[in-house]
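Once you scroll down, you'll see the structures, which are given as C-alpha cells.
In what comes next, subunit A is part of two complexes: it sits with subunit B in the first one and with subunit C in the second one.
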Partner chain A sequence: MKTGTRIWLVLGCLLAALVALGPIVWAFSTSLKPTNRIFQVPPELIPSVSTLEHYARLISEGVHWAFFNSGLYAVMAVAVALTLGTLAGYALARYPIPGKQLVLVLFVGAMAVPGFAVLLPTQLLFVDMGLYNTYVALPLLYAGHILPFAVWVTRSHFSTIPRELEQAAQIDGYSRLEAVWKVVLPGAKPALLAAATFGFLHSWNDYVTATTMVDTPSLRTLPVALIFFQGFHGRDWGALMAGVIIATIPPVVMFLLFRKYLIGGFADGSVKG
Partner chain B sequence: MTTTVIETSVDSSRALHSVARKTKIVGSALVGPALILVVAINVLPAFYGFYLSLRQVFFFADEGYVGLQNYVELFRDPFAWQAVGRSLVFTFGSLAIAVPLALVSAMGIRRLGNWGSILLTVLLVPWAMSPIVVALLWKWILVPSPGGLVGAIFAAFGVPPQDLLTDPLLAMPTLILIGVWRNFAFAAIILTGGLGQIPRDLYKAAAVDGLGAWEAFRKITLPLLAPSLLIVISMLTISYFNEVQTIIGLTGGGPIRQTTTLGYLLYHTGFVELDQGRGNAIAIVMFMINMLLIALYIKILGKQPGAAA
Partner chain C sequence: MNAESRKASTAQSVRFINVGKSYGNVRAVSDVNIAIEPGQFVTLLGPSGCGKSTTLNMIAGLEMPTEGQILIGDRDVTTVKPADRDIAMVFQSYALYPHLTLYENIAFPMRARRRRTPEPEVDNKVRNAARMLGLEAMLSRFPREISGGQRQRVALGRAMVRTPTVYLLDEPLSNLDQQLRVQMRSELKDLHQRLGATMLYVTHDQSEAMTLSDLIVVMSAGRIEQVGTPRQLYDRPANLFVARFLGEPGMNILDGERAADRLVGAGFSLPLPTTIAASEKRLSVGLRPEDIEYDPSGDAPIKGTVRTVEFLGSRSLVRIDVGDALVSAFLPATVELVAGQAVGLRPADTNKTRFFDTQLGLAVEETVQ
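Right, the complex of A and B next:
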C-alpha cells in the first residue's frame, strides 16, 4: 500500500472511532460533572471537578430496582430461549420431522418479523389473558423474540458436527442423551454464546415492549424508568447521562466479551439489526 | 426355509418402520415447545390483530364488528399517507447513507487486518446500546446551547446554536443520521465477511491486466459482493422501516408530524390515543409490508450457498 493511502486510511479510522465513541465519552463526562458545571462554556471534556452525585440520585429514586428487573428479565428470557432453542436446533439438524421445511421457514420468518409490528394485538391479547402487567410478561415475550435466532444458530452449528462423533460416544457406552450432553453440546459453545449474547442485548435494550406491557413501577425496566425519570425531572442531564452510562455498560461489556461469537453468528446467519 | 427368510425381512422392515416412527415422534417432541412459543408470540397476535382491526375497539373496550371501516378511514386519512411518505423518506434516506458507509468501512476493515477487527468492534459499540438510551444521549448532545457538544462545535464555526430536533426541515435528516450512527456497523459485519470471500488472486490478475483501483472495484468487488449487499439492504430496510424507539425518544413524531412515520403513527394511535381498532388496522398494514419484505429477504437468503434453510 502506498504511504499516502495508508495515511488517509488511518485518518479515516480515527475519525470513525471518534464519531462512534465520542458521544458516549461525552455522556460519561457529563455524568461526572456537578450540576452547575454541566452547561459550562466552553465545554470541558475532562471535568475539573467531578462528583458521583448523579449516580447517587438515581439510586435515591429507586432506579437500581429497574436495573435489577432488566437483568432478571433478560436472564430469564435467555435461559428459556436457549433451552428450547437448543432442543429444537438439535432436532432440526438430526431428526426427520414432518413438515420440516415449513417449520424452518416459520423460524426464519419469525426471526425477521420485528416484534413491534405485532405489539398492539399482543398487548390486547395479554390483557385478555391476564398476563399484562405481570412478572412473566416481558421474559415470555423476549424469549419468543430471540428463540428463532437461537434455533437458527444452534441448528446450523449442529449440522456441521459429524454424526459419527455421537455414534462413537454411543459405541463407547454412552446413551444418546449423554453423548449429546458430553460431546456435542460443549462443541456448540460458540453458537450458544452467540445466541445468549444476542438475546441479552435484545432484552436489555428494549424499550417499546416494556413500556406497553407492564405498568406498575416495581415491574419497570431500566429504559422505561429512565424515560419516566426524564418526564418527572425534566432535563436533569447529569442524572440522565448517569442513567445512559449504567444502561450502556452491561450490553457493551457482554458485546465486548463475546463479540467473536456474535459476529461469527451474524456473518453466517442472519438477524435483524 | 424360504418362509423364515421372508418372515425375518418383514420383521426387520416392521422394526425399521417403528424406529423411523419413533425418531419422528422424538424429533417433533423436541421441536414442539420452541414451535409453540414462537407461534404464540410471533404469529398468533397477527391473526388476533386482524380480527381486532375489523372491530371498533377504544380504550380496551370492544364495541363490536365494523367491517372494513378502520381500513377505509385509514386509507382516506391524508395524515396516514403522509406517514407512509415519511416512512419512505426515513427508510431510504437511512439506507442511502448506511450502505455506502458500511461498504467503505468494510473495505477499510479488510485492509487493516487486526487493526480492522478492532475498528469493527469500536464501530459496533453504538449498535450494542439501547435505541431509547441512544435517543436520550443524542438529545443531550444536540441540546441547543453553546454548552452542548454540537452547540460548541457550531460555535467554533461561528454558527449560533440550532434546535435540530424541532426544526421542521432538519428534524428528519437529524433522525436519519442518528439511526445510521446507531446501526450501520451491523451492515459492515456482513460486508466484511462478504469481502473475505472474494479471492485475492482476482485483484492480482486485474492489476496484471492494468485495471485501476476504481475499475477493479466496479468489475470485481461490486458484482462478487452483490449477494452480501442484497442481504444487508434487505435487513436494513426491515430494520429502518420498523424503527420507532429512537423516534419516540427524540422527536415524538414532531415537529408538525415531520417525523411521524407509519411505525410512529401505529405507536401513537394504538398506545397513546388508545384507538385500538384503527391501531390494529395500521399494525396489519405494517405487518403485510413486512411480510412482503421478508419474503424477498428469504428468497435472497435462500440463494446463498451454505446459508439456505
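Right, the complex of A and C next:
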C-alpha cells in the first residue's frame, strides 16, 4: 500500500474512532464531574475535581436493580432463543424436512417485520394472557425477536460442518445427541457466540418494548430507569451520564471477550449456507 | 497375552446376506452377499456411484439396509446403532474433530460414556498408538496444524485405540498426493499385518485394491460383479466389466463369431478352445496388453494399424486399431513402430486368453486347454 493511501486510511480511522468514542469519553468525563461543573466554560475533558456522587445517586435510586433486570432478561432471552434456535437450525441443516425452504423464508420474513408494528397487538395479547407486567414478559418477547436470527445463523453454520464429524463420533461410541453436543456445538461456537451477542445487545439496548410491556418499577430495565433522570424540572446530566457509562459496560466487555468469534461468526452466517 | 495378539483376537467375520438398499425408487445396492473371514483385508472396488460406500456405511450403521442381514461375528447388527457395533471407521475426509488436539482426538472413542476407559489406560493407549504411527511429538497440536498424511495417521490412531471387531476404511488415501499415497499404502499393509484385524476398505483405485487386499469385491451399478483374490480377478475376470475395469489399461476385448474352431472378427482370427460349447456363436476374446506379442510374420492372427506409441523406457504402450476396436499392447521398446504402420500381433500365452459370451458379458470358460 502506498504511503499516501495509508495516511488517508489512518486519518479516516481516527475520524471514525472520534465519532464513535467521542460521546462515550465525554459521557464518562461528565459522570465524574460535580453537578455545578458540568456546564462550566471552558469545558474540561479531564475533570480537575472528580466525584462518584452520580454513581452513588444511581444506587440510591435503585438503578442497580434495573441493571440486574436488564442483564437477567437478556440472559434469559438469549438462553431460550439459542436453545430453540440451535435445535431448529440443526434440524433444518440435517433433516429432510418437507417445505424446508419455506420455513427458512418465513424466518427471514419474521426478521423483516418491524417490532413496533406488532407491539400494540402483542401488548393486548400479553394482557389477556396475564403476562403483561411480569418477569416473563420481556425475556419471552426478546427471545422471539432473537430466534429467527439464531435459527438462520446456526443453520448456516451447521450446514458447513461436515456430516462425517457426527458420524465419526457416533461410530466412536456416542449417541447422535452426544455427537452433536461433543462435536457439532463446539465447532459452531463462533455462530452461537455471534447469535448470543446479537441477542444480548438487542435485549440490553431495547427501550420501546420494555416501556410497553412492564410498568412496575421493580421490573424496569436500565434504559427505562435512566429515562426518569430526564425529569420535568430539567435533566440530571451527571446521573444520566453515569447510567450511560454503566449501560455500555456489558456490551463492551462482551465484544472484547468474543470479538475473535464475532467477526468469523457473522461472516460465516452471512456468506455460507 | 501381548497387546497385538489381544487385538488380533478381537477380529471378527463379516457377512452380508442378500443385502439391498433403496432410496425411494432408486436402487443403490442389490443382492449383496459377501463372507469375510476374521483378519482378512477386503476391498470394495468400483467406479464412483457403484454402491461401495453405501455398502460400507451399512456395516457402519450409518445407513440401514432396506433388505437382507448383516452379521459381525455371529451377531446380527442389521439394525444396531453405530455406537453399539464395536467397529472403527476411517473417513475419506479423516473426520478429525477440529476443536480437539491430536491427543484428544485419539482418546475420544475411549472417553465415550458407553465404553469409558480409565484415564491412565487412555493415556497409555494414545501414546502407544502415537508411537506406532510416528505422531508422538505432535500430540498437543490441532488437526489444522498438521499435514494431510499426519491427519490420515491420526484418523488411523483413533481407530486403533479401540481394538474394534472390524476396521472400515472409506477411501482414506484419496486426499493424499501420489508419493504419500504409496507410502501410506505400505504403512497400512504393515499395520494390518501387525494388528491382524478384519479390515474393509473402499476405493476406486485398483492399484490400492490390488496391493492391499486379500480379497477384492468388484462392484458396479449397486451389484457385485465378482469376488476373488487380486490374482483371480486379474487373471480370470468373470465378466466383461471386471475384464475392462481391472488393469491399466484394462483387458482388450475383440468381438467375433465362431467359424468352425476359430473365432473370427474384424482384423483377427484366433483358435477357439475345444471346451467352449459349439452353441456359443457370438463370442468376445479378452487379451491383457502385456499378453500380446509383436508378430512380424505375414500370417499374424491379429492385424491392425498403429495409432499411437507411448515410449515407457524398457517397453512401449502401443495403441492399435484392430477393426473397430482399439487394442493396447505393451511391446518391447526394441520394436520400433510409428503411427499409421500396419502391424501383426499374437497372444503371448494362449492360457491367458479369456473368452466371453458377447451378449451376456460372462466368461464362458476358465482357460484355453
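The working rule: the second predicted complex is superposed on the first by the 254 of 273 C-alpha atoms of A that agree within 3 Å, B and C clash if a C-alpha of one lies under 4 Å from a C-alpha of the other, contacts with A are read in each partner's own complex, and residues count from 1 in each chain.
Methods note: contacts are C-beta pairs under 8 Å (C-beta built on N, C-alpha and C of every residue); 3 or more make two chains touch, one makes a residue touch a chain.
This one's a predicted model, so the numbers in the text were calculated from it and none came from an experiment.
Peer 1: In the overlaid three-chain picture, which partner chain does A:Leu131 touch, first (subunit B) or second (subunit C), both, or neither?
Peer 2: Neither partner.
Peer 1: Just to be sure I read the superposition right, which of the two partners does A:Gln167 touch: subunit B = first, subunit C = second, or both, or neither?
Peer 2: Second partner only, subunit C.
Peer 1: Is subunit A touched at more residues by subunit B or by subunit C?
Peer 2: Between subunit B and subunit C, B touches the greater number of residues in subunit A.
Peer 1: Give one of first, second, both or neither to describe whether A:Ala93 is in contact with subunit B, with subunit C, with both, or with none.
Peer 2: Touch partners of A:Ala93: none, neither subunit B nor subunit C.
Peer 1: Could you say whether A:Ile59 touches subunit B, subunit C, both of them, or neither, answering first, second, both or neither?
Peer 2: Touch status of A:Ile59: no partner.
Peer 1: After superposition on the shared chain, which partner residues are touched by A:Val75: those of subunit B (first), subunit C (second), both, or neither?
Peer 2: A:Val75: touches no partner chain.
Peer 1: Just checking: does A:Ile38 make contact with subunit B only, subunit C only, both, or neither of them? Give me first, second, both or neither.
Peer 2: first
Peer 1: Taking the touch rule as given, give the residues of subunit A at its contact with subunit C in the complex, in rising order.
Peer 2: Against subunit C, subunit A makes touches at 162, 164-165, 167-175, 178, 183, 186-187, 189.
Peer 1: List the residues on subunit A that touch subunit B in their complex, please.
Peer 2: 1, 9, 12-13, 16-17, 19-24, 26-27, 30, 38-43, 80, 84-85, 87-88, 90-92, 94-98, 101, 103-110, 112-125, 127, 140-141, 143-145, 147-148, 151, 201, 204-208, 212, 223, 226-227, 230, 235, 237, 240-241, 243-244, 247-248, 251-252, 254-256, 259, 263, 266-273
Peer 1: Inside the complex, what are the residues of subunit B that reach subunit A?
Peer 2: For subunit B paired with subunit A, touching residues are 20, 23-24, 26-28, 30-31, 33-35, 37-46, 48-49, 52, 57, 60, 105, 108, 111-112, 115, 119-133, 136-138, 140-141, 143, 145-149, 152, 155, 181, 183, 185-187, 189-190, 192-193, 231, 235-236, 238-239, 242, 244-245, 248-249, 263, 266-267, 270-271, 276, 279-280, 283, 286-287, 290-291, 293-294, 297-298, 301, 306-307, 309.
Peer 1: Enumerate the contact residues on subunit C facing subunit A in the complex.
Peer 2: 60-62, 81-83, 85, 87-89, 91-93, 95, 97-99, 108-109, 112-115, 158, 162
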